[in-house]
Structures are given as structure tokens and as C-alpha cells.
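Single-structure report; data block below.
Chain nomenclature is as follows: A, B and C, assigned in order of appearance, with residue numbering initiated at 1 for each chain independently.
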Amino acid sequence: MNKKMNLLMFSGEYDKAMAGLIIANSAREMDIDVTMFFAFWGLLLLRDPDKMTLEDKTTYEKMFSMMTPKCAEDLPLSNMNFAGLGKEMLLDMMEDDDAPRLKDFLNGARKKNVHFSCCKLSLEIMGLKKEELIPEVEIVDAKHYINNAIECNMQLFI
Amino acid sequence: MNKKMNLLMFSGEYDKAMAGLIIANSAREMDIDVTMFFAFWGLLLLRDPDKMTLEDKTTYEKMFSMMTPKCAEDLPLSNMNFAGLGKEMLLDMMEDDDAPRLKDFLNGARKKNVHFSCCKLSLEIMGLKKEELIPEVEIVDAKHYINNAIECNMQLFI
Amino acid sequence: MNKKMNLLMFSGEYDKAMAGLIIANSAREMDIDVTMFFAFWGLLLLRDPDKMTLEDKTTYEKMFSMMTPKCAEDLPLSNMNFAGLGKEMLLDMMEDDDAPRLKDFLNGARKKNVHFSCCKLSLEIMGLKKEELIPEVEIVDAKHYINNAIECNMQLFI
């Protein structure tokens, strides 16, 4: 039977999302079953920029939709002002090494059948709709997350 | 035998504390034994605002006591300036969805017999006293934490 | 057989590094096998300040080498502006309690045979060289990390 891994993606930051997705992609190549559960800021990673809608949203939800990153590539760094190092500089350094971008790792994870789930409560609070996210995401509650995670061989909160 | 979960609460941030406490509450409803170990900034979550004292504290400890959040509801967001979204805005969005506040999740965890422990060294460095915290907290050292965590079915660093 | 623990050190922050190293040191004293895997900002913890080089580096890599913390003691706090509390204040509070510094915990972990590994891709992107790090670090890829972590009794992302 395959080993199992569960990653709770809480952060909406470029570098942490990259760490999580590199682990997910590598684990799939090792035939490990991988479930990623996106909650709070992590949800922003799953937005499809072409599917943003403002319909049926409260004023706050509209503001939130417009002010937050529209997709994975728009996420900020966790250490944005860390010694003055900006995201552009990091991206340039990655380019020098032919390293893939975050969206490449996200698409890789989708192709490799990482199971994508996201937190129902976070979705409601942020006023995002299922149809604004990448289509394979399953909307689940905290108990569903725990049920999966507690049976896994490893779990991380990222 | 019940499954077991251990959550190391390092962060003193409203949204991360909420994620941890939602997981703890949900796990207890699933009959999972839950231990939360509060260390560093996480300690601030356990302060009882009515029991702050400045007695027997050094100048730094007094400053620290006065300048840091007095209780769970006072904690800042991890992404406080994230796209201009403030904590008030998030709280308003939660209210629109009738979502409970952090203090409700904290009280829920207390009623559901989550085991609360906190880090002796952190307490000493920050100059906080046991009687300034919610009463059910057990003061333990890192080895005690590890002893519990390593026997659990899942562990998170939040 | 010994229990096993794996800590992924992602953060380049003084307080989080301290939490990870306190856990690692305590676990070793309990005869638990400990592997620390340093990735992204976590790499900065392993720099040897006397071995910095700018040779064979691109402009960005040179800038990065010069602008980022040179060793463990130079790391910033995760909550640097948290209620105005600065790192100096925390260090003074630690000194009042005779608490060891981060470098002491790092040296302790080295003496106690914590296994140090670091992420090949992070090293390449940041343009750091093996010889700029403390000598016992093994350079490995994500699969090597997963291979170890998934067999451990506990894993944390710090």
C-alpha cells in the first residue's frame, strides 16, 4: 500500500507555497498519496484569475476579491522585505538556474493527481466561490481534513 | 484506543491561532485526544487579561507585559497588511457569516478537554507567571512536549 | 530501535530557529534520531560568517550574499515589530534568565549528532556554496528529504 502525506497549506506566500508544492510533486513521483488542504490565505493559491466574479458578494467580499492576489504567481514572499530582497530578485535568481516557477509546480501537482481540497469555512469567510477556483478542488470541512491527515504517515502545516 | 494529536502553537497571530483551535475543537468532537503546547508568542493566547501583574518583574518583563496582546482576541493577523486587509475587516466578514470568534474557539477547546500545556523556558524568558494564564495550563519543558508528540498520530507546528 | 524525528527548517528567523534547535537538542538527549533539513531562508542558519565568498557568483548572488544574515546570530525575529519588541530586548530578557543563545543551541545540536542536511535547489537559487556552510551539512534533494521524513515518528515544518 502507498504511503500517505497530508499538507495543510495555510500561508498565502510565494515561497512557502513553493516549498509545499515541491514536496507534493516529489512525493507523487515516489508513489506517495498526497492530499493538500488549503485554508485561510492558502486559498488564494487556487484562484483562477480568469474566473473572478463580484456577483452575490457583500461589499467586504468584493473588496477582498479585488485587493488580494488573483492567482499563484501573484503571491508575495513571506520575507518580502527581508534584507531588501524582493520577489523580482528571487524570480531572476530562479531564472538564472532554470528553476520552474510556482505555477509550473502547481500545474505539475495537478497533472500528478495530488488531491486538492479546501476549507469550507475559509471559503465562506473570504466570500470566494467554488467556481472561482481551479476545478478539481473538493470543498471539505475541518473534520474531513483531520480524518485524512490522522491516517497519513506525515503531515505538515505550511 | 483513541487517536492522538499534538499541536505546537508557536505563533501569536489571530488567524494561525484560529486554525489551530478549529482543528483542536473538531478533533475532540471526533474523540481524538488533543494536546496543545504553547511556546514563544503562542503563550500570549493563554493570557487572562484580568490577571496581569507587574510584581516581581524586571523592567523588560514589565515592558513586555504591557506592550504585548493581553488575550486571544487582541492578537494581530499574520498578514496584517496583506493587501490592506485589516483584522477589523476580517472580523466583519466573519460576523457576516456568523462565524465564531477566536475566544469562542478557545473556550470551546477548554470545555472539550483539550490538554493545554506551555513551555517553561518561554514563560521564564517572557517573564509571565503561571497565575497570569488560564488556569488549566500545565507548565512543562521541551522533553515533556516531545515525549507526548512523538507518540501521537499527527503533529503540527503552527 | 530509536524513535525518529524530522524537522524541515524553512524559516530564517531567530525565534523559529531557536524553537527548532531546542526541540532537536532535547530530542537527542532522549535518544531520538534527529534529521534537520534546511531549505529556503533556513539555509541562512548554516552560514559560516568566516567563509563567505563572492567568487563565481552572479550579480544577484553577490547582492544576496552580502545583504542577508551571515550566520545564526544575525537572523531577525519573526515578529520583529511585534508590539515594538526588538531582538535586542528579547536577547536581554534571555540573558536575565541565563538562557543560551541560538549559536549555543546550534553548536549543541552539532555535538549531539543531529543530522544536518540542506536543500540542493535552495542552495543553487540563492547562489550559496557548500563550503560557505558549516562543514557537516549534507546536500540533498526533496526526494531524499521525503524518504527520511515519511519514515519518522514525527515531522514538523518550522
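Brief remarks follow.
The definition used in the following text is that a residue touches a chain if its C-beta (ideal position, glycine included) is under 8 Å from a C-beta of that chain, and two chains touch if they have at least 3 such contacts.
Because the structure is predicted, anything quoted here is derived from the model rather than measured.
Chain A maps onto chain C through a rotation of 120°, based on Cα atoms and reported in steps of 5. Look at the contact of chain B with chain C and you find different residues on each copy: under half of the numbers used there are shared.
Here the spacing of chain B and chain C, counted between their Cα centres, is 25 Å. Touching two or more other chains at once are residues 155-157 of chain B. The residues of chain C lying in touch with chain B in their complex are 3, 5, 15-16, 19, 22-23, 26-27, 29-30, 32, 78-79, 82-85, 89-90, 92-94, 96-97, 99, 153-158.
Looking at the complex, you find that chain A touches chain B at residues 8, 10-12, 39-41, 58, 60-61, 63-64, 67-69, 76, 121, 124-127, 141-143, 145-147, 149-152, 155-157.
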